[in-house]
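Two complexes, one shared chain (chain A), two partners (chain B, chain C).
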Partner chain A sequence: MARVVVDVMLKSEILDPQGEAVLGALPRLGVNDVASVRIGKRVEIEFDQNAQNVEEQSRVIADQLLANPVIESFTVSIEAA
Partner chain B sequence: MTARIGIVTFPGSLDDRDAARAVHLAGAEPVALWHDDAQIHGVDGVWLPGGFSYGDALRCGAIARFSQVMDTVKAAAGQGMPVIGVCNGFQMLCESHLLPGALVRNAHLRYRNRPARLRVETDRTAWTRLYEPGNEVVFPAKHGEGRYVADEAVLDRLEGEGRVVFRYLDNPNGSMRDIAGVTNEAGNVVGLMPHPEHAVEALTGPSTDGLGIVASVLAHLSEGVRR
Partner chain C sequence: MARVVVDVMLKSEILDPQGEAVLGALPRLGVNDVASVRIGKRVEIEFDQNAQNVEEQSRVIADQLLANPVIESFTVSIEAA
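Moving on, here comes the complex of A and B:
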């Protein structure tokens, strides 16, 4: 069974207020040497046993639905074939 | 004959009934459309209402884009049919690539729920032609993901082509260049975050400025494209 992981991140030029909020909380944990935190999404996809063109289909899913290319970039990795 | 404005209900839509009431008050006939029905039943214009379609799964408006009705709405918009998206509807129009840019989490991370003062920047759209550029209007805003973003080149092009339709006077969410609403190249598709349909009666709204949206599209439908 092919397992695919898609990581979706806000592009670097887009402000990530969630990441900023986490960054702001770190000193209260006693962590003071972090420069930046960015939060994204990890999507795990399991294809059917006999699925064909898994990588190509995964790219379509990531590009057309999982990520909005206006604000986000993505990486696709095939974990097991 | 009265113009018929179709209002699409998606699972999670909230403002479809208010939009229908606004359309009615402004003198048009509201027609209920359904997300899972590819037919738009001969309407003259389409209103995509606010709410939380499909529970805002993945991104606001991302799943609605793949609904049956949106294929038809996209095709009709391409032929010049007036389409307006308010709040979640604006998010759908951006996700569907009918409008440029995207709407992301408010910069301060808080849900913003208060009347928004806006400046109308152009009367050259199907939905704003009865306003004067420079008019100030007050529409309620209520959103958590209303921060308009696009890359600088796109923003410059929107400004250059006069396609910024509404601008916030007190930016409530960190939108780039205070943008509250934009239009497509043809001016028939408009999206905005604040809610004109909640500003149609003195009893329940902060103004009645929203009536001009429907009045504008009625003028557009009866008089045809301006200039």
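Moving on, here comes the complex of A and C:
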């Protein structure tokens, strides 16, 4: 069974308020040496045993459904064949 | 500069409605051989140059701030030292 991970992150020039909020909360945990926090999505897709063109299909899913290409970029990695 | 990635996913026994919604939309893209989709968070943390105990601090951040240990599990990976 092919397992694919798609990571979707905001492009670096796009403000990430959720990451900023986490960064702002770190001193309360006693953590003072973090420069930046960025938060995105991790999507785990499991294909059927006999699926073909798994990477290509994953790119279609990521591009058309998971990521907004205006503000987000994504990476596709095949974890197990 | 140390870069740490924390992946936070719902535990496998917890229902993931967002993943189910994506799974349900796939046939419209012509993708019919996906067995499951799970959606979680990917958090990229950049530490200052001279930060110490980066992995330990990342585990504290993940455990106390990023993940809800009742329903979520997390993994911490150091990407660059």
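Everything below uses one rule, namely that the second predicted complex is superposed on the first by the 81 of 81 C-alpha atoms of A that agree within 3 Å, B and C clash if a C-alpha of one lies under 4 Å from a C-alpha of the other, contacts with A are read in each partner's own complex, and residues count from 1 in each chain.
Everything below uses one rule, namely that a contact is a pair of C-beta atoms (placed from the backbone, for glycine too) under 8 Å apart; a residue touches a chain by one contact, two chains touch by 3 or more.
Values in this document were obtained by computation on a predicted structure and should not be read as measured data.
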Which of chain B and chain C A:Leu66 touches, first, second, both or neither: both
Contact breadth on chain A, by residue count: chain C or chain B: C
Touched partner set for A:Ala25, first chain B, second chain C, both or neither: second
Partner chain in contact with A:Ile14 - chain B first, chain C second, else both or neither: first
Common interface positions of chain A, toward chain B and toward chain C: 65-66
Of chain A, residues touching chain B in the complex: 10, 13-15, 17-18, 21, 65-66, 68, 70-71
Chain B residues within the chain A interface of the complex: 58-59, 62, 66, 94-95, 100-102, 104-109, 149-151, 174
Contacting residues of chain C [partner chain A, same complex]: 1, 7-9, 19, 22, 25-26, 29-31, 33-48, 50-52, 57, 60-61, 64-66
